[in-house]
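What follows is a set of structures for review.
In what follows, chain A forms one complex with chain B and a second complex with chain C.
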Partner chain A sequence: MTLIHKSAAELAALIASGEVSAVEVSRAHLDRIAEVDEQVGAFLHVAEDAALAQARAVDARRAAGEELGPLAGVPIAHKDVFATTDMPTTCGSKILEGWRPPYDATVTRRLREAGLVILGKTNMDEFAMGSSTENSAFGPSRNPWDLSRVPGGSSGGSSAAVAAFEAPLSTGTDTGGSIRQPAAVTGLVGMKPTYGGSSRYGVVAFASSLDTPGPFARNVLDAALLHAVFSGHDPRDSTSIDAPVPPVVEAARQASVEGLRVGVVNEFSGEGYQPGVLARFHEACALLEEFGAKVVEVSCPSFRYAMPAYYLIAPSECSSNLARFDAMRFGLRVGDDGTRSAEEVMALTRAAGFGPEVKRRIMIGTYALSSGYYDAYYGQAQKVRTLITRDFTAAFEQVDVLISPTTPTTAFPIGERADDPMAMYLADLCTIPANLAGNAAISVPCGLADEDGMPVGLQIMAPVLGDDRCYRVGAALEAAYRDRWGGSLLEKAPAF
Partner chain B sequence: MSAITRDEVAHLARLSRLALTEDELDHFAAQLGVILESVARVSEVAADDIPPSSHALPLTNVFRPDERQPSLTPDQALAGAPAPEENRFRVPRILEEE
Partner chain C sequence: MTVETLTSYDQALTRYEPVLGMETHVELGTASKMFCGCPTTFGAPPNTQVCPVCLGLPGSLPVANAMAIESTIRIGLALNCSIASWCRFARKNYFYPDMPKNYQISQYDEPLCSDGYLDVEVGGETIRIEIERVHLEEDTGKSTHMGGAGRIQGADYSLVDYNRAGIPLVEIVTKPITGTGALVPEVARAYATELREVMRSLGVSDVRMEEGSMRCDVNLSLMPRGSSTWGTRTETKNVNSLRSVERAVRSEVERQAGVLDAGGRIVQETRHFHEETGTTTPGRSKEEAQDYRYFPEPDLLPIAPDPAWIEELRATLPELPSTRRRRLQAEWSLSDLDMAAMHNIGAIPLVEQTVAAGAPAADARKWWMGELARRANESGVALSDLAITPGQVARVGALVAEGALNDKLARQVIEGVLAGEGDPDAVVAARGLKIVSDEGALSAIVDQVIAENADAAEKVRNGKVAAAGALVGAVMKASRGQADAGRARALILEKLGAS
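Let's turn to the complex of A and B:
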């Protein structure tokens, strides 16, 4: 097995024992990027020199006898929404093309301090708005399982990079499903931690009450190790939870569902769901029962209104957050020829710098927040948010975790939904409730759909700060599938 | 609730500081109409006595110690500025000429 096919935990162990150097590991991944990224398009920026320098520093620390962290020397692909002082941070937008932030995001800083090697920045839907990376101003990324299909989004460059073995780990942000959906459609593990469990400091804001950084990996333990490295309280984020990180690594190693009560969300089934997705989902339910879980049906009636509520709340917050792109202090400035006013320059810059989806959402948000419409739209959506939280609370009185398909369908062809916003929004149908209520939720691979041979994801939702339950159930399923499949799902992916 | 008119979209674009083209206005008027009709489904929920949630976390008044910390230098703060001048951000005129 070559270095690029090893797990993050294996690579860290090899580096710690001195069997391979961090430089060799990074070199292998940079070579892989050079070989395949022209086709995959996962990266917006590859930071070869910075990566090798960081790898050399890890090797030097080891040589000096320093105790290394659990992921020291392991390469990682970093979503372009996180501020990085030594690499551009564009958020997939022309308005930030070439921008270098003057400070690091807390997640970036913690990756560096843990000795992870940042290989570069990954593609994304502009400002994290989308489910396919087709909204990136720099072109779409492609699904390594089938290059004519999307890798999901918004963190689609991060999912494509890990599924194409360009990196063993990557970061993402999840506002309505932007980690779990791309993980599901590329056969990866993707985790949205409890809201406030990971810091938003230095994450370019989309919808501040929903945005949550989280990990991608090819297996559950790797995701847990990365989760533990960059999560935890951050005084620089006032919505950061001042509590210990849930025991996610221990849970990933525990991998047991014996006696666990698992609720199947009734509302996430039926019309609009691909038969192959439902078949894999029902198989996973049977597997959980076989391994000692008690699986029951649970109704969460307000979940039906999660999508409309989300597509009012998220655009409302985005219309406010993106007001900072005013052409005055940083980023693009268009039309400043000495005759135009600041306001005219602002409007010309934003029209030139934002893509269609960002413009749509800014206008929807502006509409929903305007007087006369506020109560009927934004106000009502906030009440629905309360009802969704109550549904979760009631459900978790009966069960320990809730499960559903992560997405209604497998990865769709590039172009199919690109100019049909409502069709695109459906990709987030099952993932949105956990964002509105702030719960922890993970997607783990559960096989391939019969119709198209594309990966299917299973979503496991846990209460606020119950992140460890997601990993415990995910790891138990992963172990069961390993026995059945004789390895990981990604080993079935076509080499290209 | 009915679909949004082209004039309303033009008004929203002005409020949003987006200098949209005529073609964009036509295109967005149709799309925003479909989106707004769909999200208006939230009104089906009987929620008169339900308190709104603006946030998932019930946090209020989060304070940190009032301690001096290093901050950005002027060069760092101006590094991304489209038109820095004499340690300041140069901006287009903001007042009408007399």
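Let's turn to the complex of A and C:
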């Protein structure tokens, strides 16, 4: 097995023991990027020099006898939504092309402090708005399982990079499913921590009350290790929870569902769901029962209103968050020829710098917040949000976790939904409720759909600060699948 | 541009009843900004007190300044407001280059403090100004428009200083103030004055209007007498002194009355006050109400102050200016009118400090309200800006009480102190100002004066005691004012056998 096929935990152990150097590990991944990324398109920026410098620093610390963290020297692909002082931060948008922040995001800083090696910045739907990376101003990323298909989104560059073995780990942000959905359609583990469990400081905001940074990995333990490294209270983010990080690594090692009560969300099934997705989902339910879980059906009636509520709340917040892109202090500036007013330069810049989906959401949000419409749209959506939270609370009185398919379908072909926003939005149907309520939720692979041979994801939702439950159930399923598949699902992936 | 005919102020008031509203912004004197750790020092070079948060860089997040919240609650308590048990910040969305995020973090329908009042005194009467709300927000950056008239329209280019962006700002909004009639300018000024003193007593702001740390917006409308429907209001900004508050109100009354008298209608707009002319000119029209699309700020947690903490803040409020004035008035045994006169020219704290430095209250008041008020008035400066300290005034008073100076000499000492010649004792020494109490020296002067004024002396000898006045005057003149007039008179009468 080559270095790029090893897990993050294995690589960290090899580096810590001195069997391989961090530089060798980074070199192997940089070579892999050079080899395949032209086809995959996972990265917007590859930071070879910075990565090797960081790897050398880790090797030096090891040589000096310093104790290294659990992921020291392990390479990581970093979503381009996180501020990085030494690399551009573009959010997949022309309006931020080439922008270098003067500060690091808290997640970035914690990765560096833990000795992770940032290989570069990954592609994404512009400002994290989308489910396919087709909304990136710099072109789409491709699904390593089938290059004609999307890798999901918005964190599609991050899913593609890990699925294509360009990095063992990556970061993402999940606002309506932007980690779980790409993880599901590329056969990865992708976790959305409890809202406030990971810091948003330095994450270019899409929807402030929903955005949550989280990890991608090829297995549950790696995801948990990364989760533990960058999450936890941050005084720079007022919405960050001042509580200990749930014991996610221990849970990922526990891998048992004996006696656990598992609720199947009734509402996420039936019409619009791909048969192959439902088949794998039902198998997973059966597996959980076989391993000692008590699986019951649970109804969450308000979940059906989650998507419309989300498409009012998220655009409303984004219409305000994206107002700062005005050509005055950073980023693109269009039309500043000395004759135009500041207002005209702002308008020209925003017209030229934002893509169509971003403009659509700014328009929807501006409308929803307007006086006379606020109560009917934004206000009503917030009420739905409360109802969804209540559904979760009621459900978690009966069960320990809720499960559903992560996405109604497997990865769709590039271009198929690009002109149909509603069809695109449906990709997040099952993931949105956890964002609206702030719950923890994970997607783990549960096999391939019979129709197209593409990966299917299972979503496990847990209460606020119950992140460890996601890992515990995910790890149990992963162990079961490993027996069944004779290894990781990704070993079934095509040449990539 | 239409030429507006003014109606004289008195005429206007016979036909219209003014309705006043005051919106006052006070920059809090916290060490750091509202949502980041940047310093708030006034006058630093442009854009040197900035960071990703107050520049609104992508990804940055606000963290609320606990001291600013505490100060706002203390202001609310001093203004007799209810303090919200739970409230949120809100985003006020609009585009302007000096606003880094293109939204201002403010408060909307959930202000931290509401429904209070402030009593002010005008012409010896107490008027209660109802306070609608007190809320906390962040300041914007400061634009300087280069070329043109210094306004954004017509400027060649504009410079923005973000040092001010994010400084905590408290907005205090009154309810409409009605029934003031012709006193409306004085009421507006008295309110601003009293509010400024409350802020000073709380120590929450340096409230310097000329530096913009206290800014008053004057809302004014006129309602025809006998009508119950309010007129359209204007909002006058750029009112940078207490005197300007009064002038701006007066000017708007005259202007609006002129428009209405000519059959015109008042445009709902922002107007700018001009110090030089004492008039206002139109700014941004508010006819098409701007939609700020307020919504609760998702980056910040709600504020939920502990009731016990609020009570602790209430219990530790300092003595407020009106209470203090009532106490001092009783201590000094002054009439309402005397006290009001002192209040109007800002003499109360000076008198108080002079008393603290050892002067009797009557003396302290006499100097500040007499000689010093006259000099301040002559040189067009505020009483508190005179180059003399309460301690120095107390010393002058003490020298008079000791008999070392008379009033005339004391005035010369004050003149010397104001001219920068040093402390009263130094001025006395340098100018040789001391009452001649040496009997021998005085006796010699008296003898000389009697010799030089034989006619007058003769009259006194013959019993016309009134003629002694001329001789006393001559003694004072000869002694350059340093003789004790009473003592000189006694000596003259004695020497002329008329005593």
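Here is the rule we go by: the second predicted complex is superposed on the first by the 495 of 496 C-alpha atoms of A that agree within 3 Å, B and C clash if a C-alpha of one lies under 4 Å from a C-alpha of the other, contacts with A are read in each partner's own complex, and residues count from 1 in each chain.
The definition used in the following text is that a contact is a pair of C-beta atoms (placed from the backbone, for glycine too) under 8 Å apart; a residue touches a chain by one contact, two chains touch by 3 or more.
Note that this is a predicted model, so its numbers are computed, not measured.
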{"item": "Touching partner for A:Y103 - first (chain B), second (chain C), both, neither", "value": "both"}
{"item": "Partner chain in contact with A:M328 - chain B first, chain C second, else both or neither", "value": "both"}
{"item": "Chain touching more of chain A, residue-wise (chain B, chain C)", "value": "B"}
{"item": "Touched partner set for A:S371, first chain B, second chain C, both or neither", "value": "second"}
{"item": "Partner chain in contact with A:M346 - chain B first, chain C second, else both or neither", "value": "both"}
{"item": "Contacts of A:S238 with chain B and chain C, given as first, second, both or neither", "value": "both"}
{"item": "Partner chain in contact with A:T389 - chain B first, chain C second, else both or neither", "value": "first"}
{"item": "Touching partner for A:V204 - first (chain B), second (chain C), both, neither", "value": "second"}
{"item": "Footprint overlap on chain A, comparing chain B with chain C", "value": "99, 101-103, 209, 235, 238-239, 319, 323, 326, 328-330, 342-343, 346, 366, 370"}
{"item": "Chain A to chain C touching residues, read off their complex", "value": "82-83, 89, 91, 96, 99, 101-103, 105, 200-205, 207-209, 235-239, 316-317, 319-320, 323-326, 328-330, 342-343, 346, 366, 369-371, 374, 378"}
{"item": "List of chain C residues in touch with chain A within their complex", "value": "52, 55-64, 91, 93, 95, 97, 100-103, 152, 158, 160, 291, 293-295, 298-301"}
{"item": "Chain B-touching residues of chain A, taken from the complex the two chains share", "value": "99-103, 195-196, 209-210, 235, 238-239, 241, 302, 305, 308-309, 311-312, 319, 323, 326-333, 336, 338, 340-348, 350-351, 354, 356, 359-360, 362-364, 366-368, 370, 376-377, 379-387, 389, 421-422, 436-438, 464"}
{"item": "Of all residues in chain B, those that touch chain A in their complex", "value": "1, 4, 8-9, 12-21, 24, 27-28, 31-32, 34-36, 38-45, 47, 50-57, 59, 62, 64, 72, 76-77, 79-83, 89, 91-94, 96"}
